[in-house]
């Protein structure tokens, strides 16, 4: 997927100005950036929910069709159970009820919510709601995954578990992914490339990580170096 | 063609008759006997309403065929284009000024006093104003008409309790007050005063009206109803005690209140043709002080059946 | 448990006190007309309830109220959905709704009395008074619909039918319930008001008015008690239905879960 | 700007259409009693407005409405604060409030008619109908007060006066405004209803009823228009006052800032 | 301040069971722990808002009097301006208006809100609201400071700036402080001692940090070691 000289403004607020960025097909682009710098806007343009004022978002071969969008808020149907919130997003892809149920349950197990499938969103904590949204976006078959701070409001333990699950799920069927996070550590653990927003014209920082994802360890000095580079870029943004 | 219709149907004609929960209702009670069956071809259905207000709209929208109404209301409706005819005068005047505490002894003593009158626009109100005008007096200056208590029944209670001193009242409340408060006296008879200023013997207080539609479509039935009404008036006047029971039964008023008053209620039955002169004179008097009270003009002969 | 008992005790005590105050007031005033004592009103109530047309009076009032209630709920929901979907239609009917909301009930009743046969007046008046309330609620529901959820439905490939069943209808329901509840309590009052003014042959309001002119205050009070009871029962029935619907929905949701966990 | 013009155009157009429909209906019916044409109603309105007792009729209705409005707002706020502060008092008055909310307006008016002179009936009825609305709002305000903010005030050493001024009163105000607005629009309707039934010497409702009884439908409509206008003006005045109070508060807040930044 | 055999339960949920913990006067105790393990409950007991079911919270000499509590939510008066939200908490300590104004403005400057003093909370972003609450708690003179995740919902740049400001303010007048955070890095940067909750009977982990606060640097290997220890404790909790 490529953003080609994309511009987007809200009133006087110029968020992107002839901004270009390319994401290699079937790789993960981790995006960090201070609040209000356009991370969510970038995802919305990628999803087609928002149309750039000028420029274009170009999809490569194999990226057309459905996207999975994990919104910054959980966006669950308040009147649906945990189960049906996941299951409803599978109707188109899995017309067979049995199959659909199995897929939904698989992902709900993954996020540790098997015992809560009969609950309604109002009965869940913020973190649990976020997990339902994660299960939904993982379960929904799509060529592109867009994730807006997926692991916010989760405690650190669950966070790392889910990060692991995400990586192994992704390895099963690699798809073009934009992963927005506010945690530089997460970004360097997960991204094939990492981009830091902070300037409407171009990324403040953009680098590739060549260490295989499975081999990454947070105490690795190269990763620590990248992380501190990223923190510096963020603080200076 | 209407006659033809009437003969064709075997069903008896239903005559919807409205009376108010007051003296105009008294004289009609005999119509309710036999479940309202007047003869094989006419059945009367009597409904009791709290005031003329509920009756007027029903005559206008066609729900009622006959009604007992204050005389001026009939003129007003006629002038507004509601097609009704006066069939008969069924009640002559029966208003009195009562004093509950002996502070006034005759009508000359009313000057400077406050007199309670039920309901703006009611017959007691109109006659009070009419007489004031003829006497050259002014409401609010020479004496005060007080409308703050609108229900005659409630004024009666207050007269009995001595909470108010003077009031213009219709029957049967006059009888009730006199019976329950020994100090209460009639200090003026409105009928006498009206006779003095108008030269007429009495004034027609209520009339029995029929809608044009019913009178045209069912002339025979109309005639039957009128005859039955006439008979009913005669029976009520002759048998006040039994009439009282019937009055209570159809929900007009308690027998204890109605029966003793019947002799004083001036219940009559004067067919329209005979009553026309008296009625027109009454309209003329009302017109002179308030054209609006009869709808703006004195009705023509077409008002009479 | 104990707190609840205490609460009920206080409520019971104050209800009792109300009745005692009424009785004392009646004894001091000593006027059957101004304020009858508790006993006579009780007797009048029993007399009413055992009189043969009682069922007719109550039945017709109830049927007028329910009839207008259903007409309002159905038509206002339909038009409200139209207005929610079309800003033009919404703007277009706005003047009418504003006028309807500002018209005093009494004007409507008086005018309706001239226009229609008296049996129709309570229905028509209740319709004109209740319609704007329900309509505005449904219209509001659309304004309060969560556009974010709609985006979610679209991105996650919901079919139109899924979207209506799981996003649109659930968003409307709370507003629908609020609107219907308000409409119901309004409809009682307007129907009775119209009956008082038009005195139809059968109906609680008309009887109340006749009792008042005849100064049978104990019957005015008895009919008032009947009206209060009707309102209370109506509210209870409504809440019962809503609770039942809620339970039914939960049952359905359970059914949709994989196996009977 | 353009969107706004378009909106106004639609609203204007549909208002016009309403009037055209009325006029066409009147021409088809061709009955002065059933539905007078627009012209005669306009004339009647002018005749009304230029008749000498017009100011008295309107003035007395307005003064009854305002009087009951202020009595309700003051007494219900006072008692609502008591109830908000004391759960016992709140429980204690609950039965009374429940009954008052369920009583049909008409019962109250009919009973009040027996109890009071007709001038007092609208006041009394409006009080009984409006009081529970305002009272419940103020009571609700206490239930909705943010206990967390109260903890904050206590930990940060707010004096009682600061706490009342900056925490209690601001928490009550929105509920007070909602309650007062609802009360105001209710009071109009009840006062006019009571006037219709009791026909006091001066008052919009009584005139409306007299006009109806005399089958002067054009005057019924004219008085209805007057009533709608009064309601609308009342709402406008209320919103104006609320906006003014808001501005005043902002001014005061500005004054409390260090120097004139 | 000492928690002495404190027990606290909510219904069946035993949050603390004969739990003891001592905080040296005029030091900072950093507290981490998974969600729902009692961090906020601990602060509420320290403030006196919540009374333990058994056991006692003992204050040392010089710790009596007012506390400054930075709640987990901003808890601002919605009808007050930014300025008056800070200023009102100073009325008791500074009866003189001029002085009070100066103190309030000093702390508002510190959190970068000088240009927003006339705004109302509804006009601010979540992070800005949090900063008002921080200014209020710093400004309020007190013997004890309790902070519940003070820097949540702030972007990374502001976060580090405020952490610096906090440390220098604290150095000006050291006060007994409990600093709850969900970020292990923050905990090791700021605490004189660090405690990890996760067990109702005793802290999961409790250690002192002897490096002077001013000398701490996140790339310091000792600190990184402590941080990973803490992460491990959190993940295992």
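In order of appearance the chains are A, B, C, D and E, and numbering begins at 1 in each one.
As a convention for this text, a contact is a pair of C-beta atoms (placed from the backbone, for glycine too) under 8 Å apart; a residue touches a chain by one contact, two chains touch by 3 or more.
Values in this document were obtained by computation on a predicted structure and should not be read as measured data.
Any chain bridging subunit D and subunit E, meaning touching each of them, is missing here; the list is empty. Highest C-beta contact pair count among chain pairs: C-D. Annotation: 53 Å between the Cα-based centres of subunit A and subunit D. Per-chain CA centroids place subunit B at a distance of 40 Å from subunit D. The distance from the centre of subunit A to the centre of subunit C, with each centre set as the mean of the Cα atoms, comes to 49 Å. Work out the mean CA point of subunit A and of subunit E, and you get 32 Å between them.
Residue positions 33, 113-115, 197, 209, 212, 215 of subunit C each touch two or more of the other chains. Shared interface positions of subunit E, defined as residues touching 2 or more other chains, are absent.
Looking at subunit B, residues 57, 60, 151, 154 sit in touch with two or more other chains. Chain pairs recorded as touching, per the definition above, are A-C, A-E, B-C, B-D, C-D, D-E. Residues of subunit B that touch subunit C in their complex: 21, 47-51, 54, 57-58, 60-63, 151, 153-154, 157, 251, 253-254. On the side of subunit E, the complex with subunit A involves touching residues 34-36, 125, 127, 155-157, 160, 182, 184, 219, 224, 228, 231, 234-237.
The part of subunit C that touches subunit A in the complex is made up of residues 148-149, 151-152, 155-159, 162, 166-167, 170, 173, 249, 253-254, 256-258, 261. Across the complex, subunit B meets subunit D through its residues 52-53, 56-57, 60, 76-77, 80-82, 119-121, 147-151, 154, 292, 295. Looking at the complex, you find that subunit A touches subunit C at residues 47, 49, 66-69, 71, 73, 75, 77-81, 83-84, 87-89, 91-93, 101, 104-105, 117-118, 136, 140.
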